[in-house]
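First the structure, then my questions, so here it is.
Per-chain numbering from 1; labels A, B, C, D, E, F, G, H, I, J, K and L assigned in written order.
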């Protein structure tokens, strides 16, 4: 077996309240549980994840920059920044790592401003509306993309 | 182990040409290969798939209707109809089966009219931009959703 | 009493599921019941109806064409095609028979895209939001329009 | 037979000139003739109508308010106010009586600003483009809606 | 010399405050002075004017209706109703008398919503931005139009 | 203590039904109760209020004009006219009295057309979404503004 | 009597064909006739006009520049350039002479792109829809404006 | 002389009624006559045409797919589907044959929604407004394009 | 007397410069003075306030999160973030505390982009245009809302 | 054989650089070659062409005017003026000669502002995207239109 | 030192009035002074400038064409044509010389239509809002770009 | 020589990656090299620069605030925040120091959302599309502006 892969998992603003916040939209699973599950799933495929949540656009961008040369791919739920942050999308383009955007809720069933995504064009693909599962499928996609590249 | 699940897989217009058409956008895998892979993956989870491709909006709607009482969920790539067919979206709402929308390409990197999806609001979630993998992850999501409901 | 009149009644996509689909929007009466009632009402006024439902835009257009020289007027619920089909509206204009557009639900209380109607300009009038009654009033209007022309 | 029903019929601005004004758009029947016909039709179904025309938005709203506890339903042709009066639409919502909106002409064949209706969402349904007949069918619909409720 | 002509002069909402209100936009001449000047100018051309100001859309419409068979033309400054009243414009179209729309201020130098005029299409022409002079020129235009028709 | 202040309180269309109309949006307090409370609060600060409700745009404008030289400030809930009446906003600008706009409900949680306010730019400030309290706080603000000016 | 005034009259593209072109829109009077009438009217008020027609935006701008220090006011029918030329409007602003914009036809009854005027904001006022009379009234307005300034 | 060329001619919805439908827009020539003329013109240039009309979007797409390896170019009048079908345009892109879009009427003189064409970007060029001649010129263009490629 | 209430007061970007910045828009009172006044007013009603200003969107969000279980309500002036931050609005929704949005200036008299508020829909109500008074009235509203809930 | 026909061929701005300018968009044929070919083709059908290129909107309009009574039809490539010149389109309408608009490139594959054509509505038809061939087909169409009229 | 460079400096409509026109927007320096300064600055860097002002779009385009093979770069202030001339922008693209667009005033502080620039995409860069300095910096940029290319 | 000037140079998000990120858009020079060059150029004109890069909107705002009383002018490349940050633009307005906005790339050749700049109206001028040179010219402009003020 070859070289292990490392994935940076980024959670945008307010996701730290997951499970405690509007469960009818976001479900009852907590961010800690999602991170644990992602870690376990990565391990089973000889990969590692490092996870980071922040309510600060700048901190998320700093972390994306820091991933250059360290991580092999990025799994990101930009949350509210999806619709408003050109800088975050530019950061993803700048580091040029394979990235997958995930959303817990189905953005097409919410306010119309949630349909615009600056990040989407900077990512390989998007998975939305499947709850915590959006993360797990996103990790799976990312690991497969990396396998092919090797 | 319990009751087996049956998934209807629908491919919209022009997907029959997959692998033969604009490979820089849609990749080189054929629809037959995707269907075979979906079948295999379903089998390994004690599920079955039935696949159907049509260039006819009406035929796709007829098939969705026919799934009532027969299929447990729908995996659909509406292709060009994504952006123009209210009737297809209404059909998904009408049968009220769990559905997941998939797209091979990243719609945010193409013409702006491809960003509008009538179907998305009628589905649980959407997976896009991951090539054939969008289908496989969509099947996985659908089977898990059905597992939870049991 | 004079010449009997013949009305073509067209039901667009998904209306075959009427009574079985989202009853909070569309009510519980079935399409068969509506057709029977229309037939009875026509008969009581020395008229006949022929009804046709299809999920295929093309089949509806074919049927409109076939009505030339056979039917005296058209009663149509274009359903989801109302908002997306220029071809269907063109067909109504092309045959130049008096037509009345009907809708079961009040389109102004639903998604904003349901407020655009290509068909409306090709019809004499529109009746919407009155459930199955929209059809019955539409038939009545059509028969009166035809009476005046004689 | 049971309890008689009473319908308030409201005619918006300029309808007093009906039959005298732009007959190619609005026809030659006068408002008096429409009122008489509505009265007769109501009587034949054990109902009564009271009719009111005004060119004053405020007077129409006052009359809608006055209908609370007196009328069982409202038949309204808001004319030019259809497209510009939020206050009139709010009045209809406020009294919470079943209401049907009618228009003599087909608004989809006229200026584009006539396609917007504030009133439509405050009414059960809309009937348009059928000349004086729009009123008669609207009355019929309203009486049937009231019959069902009893 | 022939038949005398009679002109209805209508002043929309807030024009009663003319000369007392925002003089930097509307000037210092009062409505009474404008009416007196219009009267004098009409007299010198063997014509008469009757003037009416109201803050009530409905009262203005009533007055337009009352002009049928009495006045030969209408000079109207719809003020704030210019931009919001379809009913007033419909009244002008309904009576089918030659009408000229006037504005004291240059609407293109003010808020963008003041650039939309429902009334303009119902009038022969529009004169704006010339202060009280807009009225005087409008009267002149109207009298000439009527002269030609005779 | 100095000169007493007098406030004109204006209630737009349909507010006479307050407490009787859609309580989930507008609450259960009646307009009479609001007026009484405003009167009491004014008295406690050596001020007086006069209140006026009308469903007529023109009557509200007339009343604003009549306030010139009589009232020291205007507290106004334009209701449905907020979004459609340029003439009402012009009246507020014309009399040049300090004015505060109030709304019972949070307009940002309702139909999108309720987000446009012609009146807002003609007022000092706006208070919305706080139920009857919007009025009381508006009065307070107005009295303080007037105190400062003395 | 005092100092004579000089007016530059500018006719935009295609106005040289007046009387020969689409008479149902523009009437049958020729540009020569309009110029002669303007000249006569000016003379009777102790003023002079100089007229210039061009199909070249640049030539019209040159002429406006040349009017600095020579003409006292500008009467302009920008024709098709009304809706498309920022440069022409800038020229009017640059020379800072009183200007009046005129149009033969009622722009509100034509294509929607004819409703936008770049020139209007650079002029004192606009007169439109009154045929050749638009010019004569415009001249009158301009001469009165100049009289007041002296 | 070399290898003969084969052209697929596609007629979209309602074109089967040509000559029988709204002759003031579409002319009096029938589709059969157009097909015969196209055939003759092709023959004279050592080419063949096969023609197909359908009111079904799906049937047109199927036929485009079937042309792969059989036809050398496509001449298409998408009719009402021009403005609404992404799937049809995708089919043209997918088969990657030279295509020319033709329209009988001048779309710029009709409803504004007819100005949007999804197909145009998938074709080499467009010919519109020249009646049946649009087809003949389109065939000529296509044959020349194919000649150059050889 | 019952349980004391605690209010979190949040000041968005640039408000630290209050009194030192564009006094013609924002007035001359400093943020320290506002905080002192709020504190005093709260104390007089048996409540406490804690105030926090930041130019960092993330810091404001962090503070909102920290208020869970500690504060009873939030008074927020989001300043420039009002119009651009979905994440901040999401934070307010997530903690589900009663919140009131305040603005010093009248946003309807400034640039059009200042009319959009993401935060408004996440708050009970909004108070704007009343200078420092907007804060004081907002505090009053919040304390009353909390009183009612007890 | 009858009367010879004369065609004015107009080339808009920058077309003089044809063959020397962006060949990937406009091809390598020069304007001189196109003119020569048009001349030859006309001659073979007993017609004559006169060609004119200008970078001046006004010069093109002058030339269109000069064609009255001299030319029988106009073939025009308005180039960049297509999208911005109302005056040029008005000139085509004014002279009322049959006109055909041509474009070398497919405007639907370029910047979105190139999709608007003021000229199109003033012409019989449009031919675009076929390179120099667009001109030749346009000439052919024009000559046939003229043949029919005789 | 190498080969001298030659720069074409183009001034669009109304710039000939510089220093005499609206000094609060455009400053008091004249065009002659700017040209002299540009000439001097060029000379000090072993370059030459030739300057040309015109109010004619066509003359500016002609001059751009004439620069082919003569000038090494273009410095252009398109003035009012910036926002309306596709033809001018096409000319810049056609000659394919390095170009820099300059504006005296800050277009973001003026009318909204001044924010659209057709020319910008045809130039390397844009310098705006810095008065005459915009030109001097633009020249500097252009000379440096040319130095690098050698 | 007089008083030295001090310039704050601000680099927005992702600019720290300059030279390492998408060189086809942003070039190969690093931010360190730009800062060094700016420093040198400032020194040669008896001025100093202090440079600051941050991916945090708030940190940039803090730094702008801190410049009050310390710096004489601001040179800012807001990067992705240009298009999304009202707060940053407000900060520039608040401190009221002369500011120049610079961009490395030509925003008119990129995604359409990059054409909107909130910052531009808060700055004296903008320089874009000239690579690192945009900074150097911006510094030059700023120093000259400051020289004039002294």
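Observations
Note that in this section a contact is a pair of C-beta atoms (placed from the backbone, for glycine too) under 8 Å apart; a residue touches a chain by one contact, two chains touch by 3 or more.
A quick note: this is a predicted structure, and the numbers were derived from the prediction, not measured.
Under the touch definition stated at the top, subunit E and subunit K share these contacting partners: G. The geometric centre of subunit A is 47 Å away from that of subunit K, both derived from CA atoms.
Distance from the subunit A centre to the subunit J centre is 55 Å, each centre being the mean of its Cα atoms.
The residues of subunit J that reach two or more other chains are 56-59, 84, listed in rising order. Listed by chain label, the pairs that touch are A-B, A-I, A-L, B-C, B-H, C-D, C-H, D-E, D-F, E-F, E-G, F-I, G-J, G-K, H-J, I-L, J-K, K-L.
Every residue of subunit K that touches subunit J in the complex is listed here, in rising order: 56-59, 61-62, 65, 68, 84-91, 93-96, 118.
If you check the complex, the residues on subunit I that touch subunit F are 100, 106, 108-109, 115, 117, 120-121, 123-130, 133-134, 137, 140-141, 144-145. Note for the complex: subunit G touches subunit J at residues 12-14, 16-17, 20-22, 54-59, 79-84, 113-114.
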